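After this come two complexes, each holding subunit A, first together with subunit B and then together with subunit C.
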Partner chain A sequence: MKTTFKRLALAALVSAACIGAANAEEIKVGAELPLTGSLARVGAGMQEGIMVAQEVFNKTNGKHTIKVITIDDESAPAKAIAAVEKLASDGVVAITGGYGSNNISPASDAANKLGLVYITSGGVDDSLVAAGRKNFFRINNSAGYEKALVGLLQDVNAKSVSIVYSTKDATSGLAKDVEKALAAKGVKVAMHSFDPAITDFKPIINKVKLQDKSEVIAMVGYENDYVGILRAARVLKPSVKAMVGVWSLATPKMAADFPDLMPHVFGTALLPFPAEFKTADGKAFADAYKTLYKKEPDYLGQFGYVQSMLLFEAIARAADKGTLKKGGVADELRKTDKETLIGRVQFGANGDNPNFVHRMGQHQDKKIVIVWPKESATGKIAYPATPW
Partner chain B sequence: MKYAKILAILMFAYAVVPLAVGANNYYMSMLVAALVIGGVALSWALLGNLGGMVSFGHSAFVGIGAYVSAILSAKHGVPVLMAVPLGGIGAVLASIVMMPVLRLRGPYFALAILAYAHIFRILATEWSSVTGGSGGVSGIPGFPELFGMNNKMASYLVAVTLILVFALAYHRIRASYYGIALRAMHDSEDATRVVGVNSTVLKAGMLMVSAFMAGVFGAVNAHYINFLEPDYAFNALWVTLPIVAAIFGGYRTISGPVIGALVVYLADQLVFKTLMPTGHQLVLGVLLVLMIVFSPSGLMSLLKKKQAAPHA
Partner chain C sequence: MTELILQALYSGLLQGGSYALIALGLALVFGTMKVINLAHGELVLLAAYIAYAVESGLGWGPVLAIPVALVVVCIAAVSVYLIVSRIKKDREINSLILTYGIGVILTNVILLVWHADVRSTSSTWLQEAFVVGPLFSMRSELIFFVVSIVLMAALWWWLSKSWYGRAVRAVSSNRDAAKLMGVDPGRTELVSFIVAGVLASFAGVALFSYGVIQPAYGGALTVKAFIITVLAGVGSIPGVLLGAVLLGVAEALTVTLASSALQELAGMTLFLLVLLVMPNGLFGAARRRG
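Showing the complex of A and B:
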């Protein structure tokens, strides 16, 4: 009898140890990112957010542990496919990351074929969600940027706008969407496209100054484009009331690098600078970010964090239900409805987040103030106001 | 001995590699990407070696081949295996537009053909009704599953077969009367003209052959990636990487550019990238410098010297 009890006790101990081991099992998640090549800066920014999400999730979840395995896709589509396949062979259960629609499209195709969930915030091209990939999820989109840009222009009651935009896919698509939305509201819009290779924007700004005579210049491009446009505008001083842009403009880095060009410039911004977080999740993100990277968090990190936390939480739920390798991660993501650092996130049938709306920030006294929408504002809008 | 060597290559390409790594998606991806670069490198070397023309504009042929094949198959329902050679023909038509640059020599030819590549990229961006503009073409169909093999294996077999066919064509051209004339022209175009060779016609022919080969491999890549946009299709990497591969392997040989592409790409991705997840291109750069300094004729020449050494 004594022996039987001993055996039972031993079996119970072994079972408990096994369950403990199972619970403590590390779940591998892949991160496919451009850490070198033309998209290296944005890829590195997103990676910071992903690593912060790993840190916060592992500290707070208490049951499951996530291990992120990162592969550099070198900003090249063929290498993005290879990265996804390598991560799959390493046993990851899902992929987070991706930047640039030309890399995300083939990489998410590869993930789809392998039955892996792919979640990103790095591509706003609508064809990504129209392609019918059942394991594809995205937390931001072009429509959210359009709403913010149009919303701000409406709030300042702009009657005429000149849109200066790069011919690249995301920028030209957004510029045309904004043009349509503004025209529908009776705003006079002039369109000026430019090749991504050009650096001298004086001819375009001259056209705006002498021909369009618009109230606002809306820039839809990337960092170098903004700098070129703002430099040209500083020289020619068109009689506009505001300079407005989109991504990578209302950032602390731009304020620090171009203090003479940025004052009063508007751009999409999720965060004021210095960063302020009111929620527990936001504070956890900011604290972990500062601990890991010794700097203030930026919007790329914020996007990377949000997409990864949503994924990790879905993985945890799927693991609890025992459906981790039976499509459970995608099912759990489809059930997601959560207030996050970028607003409410849900996923539609195509994997897109219909709730995404960006915010608009303005460079004011070397700080970034959120000025749109009113409910998120951290300061008053300065209008009319230009950098010169 | 010669036939045994050919048989061994065929056995290795069609049996050993598929059996050894066919089940591993990652390795197959690496191989397909390396073979595409090898194919473009072969086409570049053919023009440089036999035509005596250093081209910095092969990205135009790659891009046009990719676009023609992608549009025909994705928007007009042309079967992929038919669209790929049509992509090559599209690149040939583009090379005809480039014919005026054949009047130029040396760096002037290189720069003029580079400008053409830029023109085609802008055309692909602006002609949005056909090319999809900067948004590009998505949902490009992949190679069909052949005899129960998956898409990846089909891509590999198509790429290998095309490399072998083009290498054979290269060999035949080189051994022909035209090949001899071209090689003579490479050393002295004026002297060759004096003996009655029409160098412009020969160079035009070589440009068209080279464009066809690069266009076909651009098409293969488009069907493998399933997505195309102007910046990617006409990227400068489609010139620089094949040139590096051809010079590394030995651009005066037929196998050199392909071997060079396989060694450069696979060593970089499978070895150096594992050791240095970022910045691994540095190792490759150092290796290339060493190769050019110590064996400017390339890897194949170095291997031949090593083999010949014991008998010397």
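Showing the complex of A and C:
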């Protein structure tokens, strides 16, 4: 009986040692995301990209295995901080994710205090990189959206623009940057801020129609805002030449969900739809995405994938050098200079990617056509043209 | 400027009608049971998602979803009642916590079933412009404004003429005295919840027809309904309509004459001003004087 007990104990010890050895190769990475609450849709989109990055990295890297631990921050800043702290206690070496500058700011602060790298594509507010967080990195920014929006409006030679924008930090920051850039080029700009809670945009569009009489309406908000603004414009029919927006607008999903509202609407778009991936990385991403989610990849997944792959590669390099827990991940990310699915990514001293420039797409015949910049265009611009 | 103000007044009036439809159910339950049903916005949202499911799944227009919404939302409302009615102590405070929890559960059920995507009707007919002189609105807004008025009139008639309506008012006025008069408070409260479910069904289908819905939207609907209920004066049906229209018009005029960023602030300022001058709400004070 004693011998049997000893054998069992020995077997248990050996098994535990083996499990420990196997786990030693596995590196934990945290994903703090809004999977419920007002940002659930974008949070879920980003998570898809993160999980695709885990899948592709683990298949192709060979030496290291990444395990992503996800915590829902419920679209709330306080929950985002709690998620980061919980992930740190779970032993993650870095955090990928975050959506909404209002949530990312406190969450990345918490990560910074804990010495954890925080990488995102979900917050474009400039204050995020101005706060001096050593471990904060992002692959996109307001400037890249501004360049695309202003570039398109210049190309179509718009003389007057009404900017309708949400009062949230990121949207109002971008709207004001665009206003400055357009005013500097001699374009007449009228600004209309709106509270994120409003649902009836007719009084605003009526002001554009009767007072501003602008050539273009530029929308800086989110999906629900765009639908409200486009609906109000469809009812009041202001004599504008184009409806232009930024994120979450020129997407296959919006084309499919709101077919009557989207024709001719412009928005930032990384890829045309149907998507075309020409690089090996792009094909690996698209294949893994379709296998995991049985649908065409979207831009949120693309951003989540790029930020996570850059992080995983930096982690692998730091692990090889033995600096994983000595600030090595941040050092390796600072050395990054890579052509990715969203263009060239480098990180400046403040953690921002100075190379980020978006593209502009237009809804045409249930497809997304890239119309700006000219070198990336996949079709001709339709202008003047509105959905009604 | 005249055209702008006229349109603002018209948009505010229609918006007020939709606010009233959302607030009525909350006001009724608040009046009868002294329970603030913090899950009311989620019941409205549930009806909106049922309209979406019927439209996207069967290809029917949102109006045809009303019977389905009535069944599902009324069952949900009865379930909320059965849970809330089990509270034996401190009903006001405990029901607040309980209905808040039910609201969170409902939000997550909606999220699980229909995901987080933004939804709205694809019926172009409902979204088309209805033009009267210089005034513009969506067809759906006008249709549901009329529906809102009809439902309010029906509710007023029911409360003043029918036996159960009078029982609701009696329980609202004095629960113990109503019991002595042969009114079953439990059954009356259940009826209130069912009527609130009916109103929430119409409100939800209306919301889907002219607005945009998301799973997290229920909380905002409850807050708006609560503001209107208090503004109106507890238990006052005409007060709900007046309070809702005042709020809608104040918001639309703020957007037109100042900035849309101040819209919510204008609504809250109106709310606080009314309560400062008339602590029982618009019609609460009038009733007391009468």
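Observations
Just so we're on the same page, the second predicted complex is superposed on the first by the 364 of 388 C-alpha atoms of A that agree within 3 Å, B and C clash if a C-alpha of one lies under 4 Å from a C-alpha of the other, contacts with A are read in each partner's own complex, and residues count from 1 in each chain.
The working rule: contacts are C-beta pairs under 8 Å (C-beta built on N, C-alpha and C of every residue); 3 or more make two chains touch, one makes a residue touch a chain.
Computed from a prediction, not measured in an experiment: that's the story for all the values here.
Aligning the two structures on subunit A places subunit B and subunit C in clashing positions.
By the touch criterion defined above, A:211 reaches subunit C but does not reach subunit B. Look at A:36: by the touch rule set out above, it reaches both subunit B and subunit C.
Residue contacts after overlaying the shared chain place A:168 against subunit B, while subunit C stays out of touching range.
Contacts of A:195 after superposition on the shared chain: both subunit B and subunit C are touched. Contacts of A:256 after superposition: neither subunit B nor subunit C is touched. Legend: residue contacts after superposition of the two complexes on their common chain; A:70 is shown touching subunit B, with no touch to subunit C. When the shared chain is aligned, subunit B comes close enough to touch A:102, but subunit C does not. Of the two partner chains placed by superposition, A:183 touches none, neither subunit B nor subunit C.
Of the candidate stretches 62-70, 98-106, 206-214 or 224-232 in subunit B, only 98-106 runs into subunit C once the two complexes are overlaid on chain A. In the superposition on the C-alpha atoms of chain A, the part of subunit A touched by subunit B in one complex and by subunit C in the other spans residues 36, 167, 195.
Of all the residues in subunit A, the ones that touch subunit C in their complex are 36-38, 40-41, 43-44, 75, 167, 192-195, 197-200, 202-204, 206-207, 210-211, 223-224, 227-228, 231, 234-237, 253, 257-260.
Contacts from subunit A toward subunit B in the complex involve residues 35-36, 70-72, 76-79, 81-82, 85-86, 88-89, 101-102, 105-106, 109-110, 114, 125, 127, 131, 167-169, 172-173, 195-196.
Against subunit A, the residues of subunit C that register as touching in their complex are 3-4, 7-8, 11, 15, 107-108, 111, 115-120, 122, 124, 127-129, 136-138, 210-212, 214-216, 220, 251-252, 255-256, 259-264.
Remark: subunit B residues 24-26, 29-30, 32-33, 36, 122, 125-126, 133-136, 138-139, 221, 224-227, 229, 231-232, 237, 269, 273, 277-279, 281 touch subunit A in the complex.
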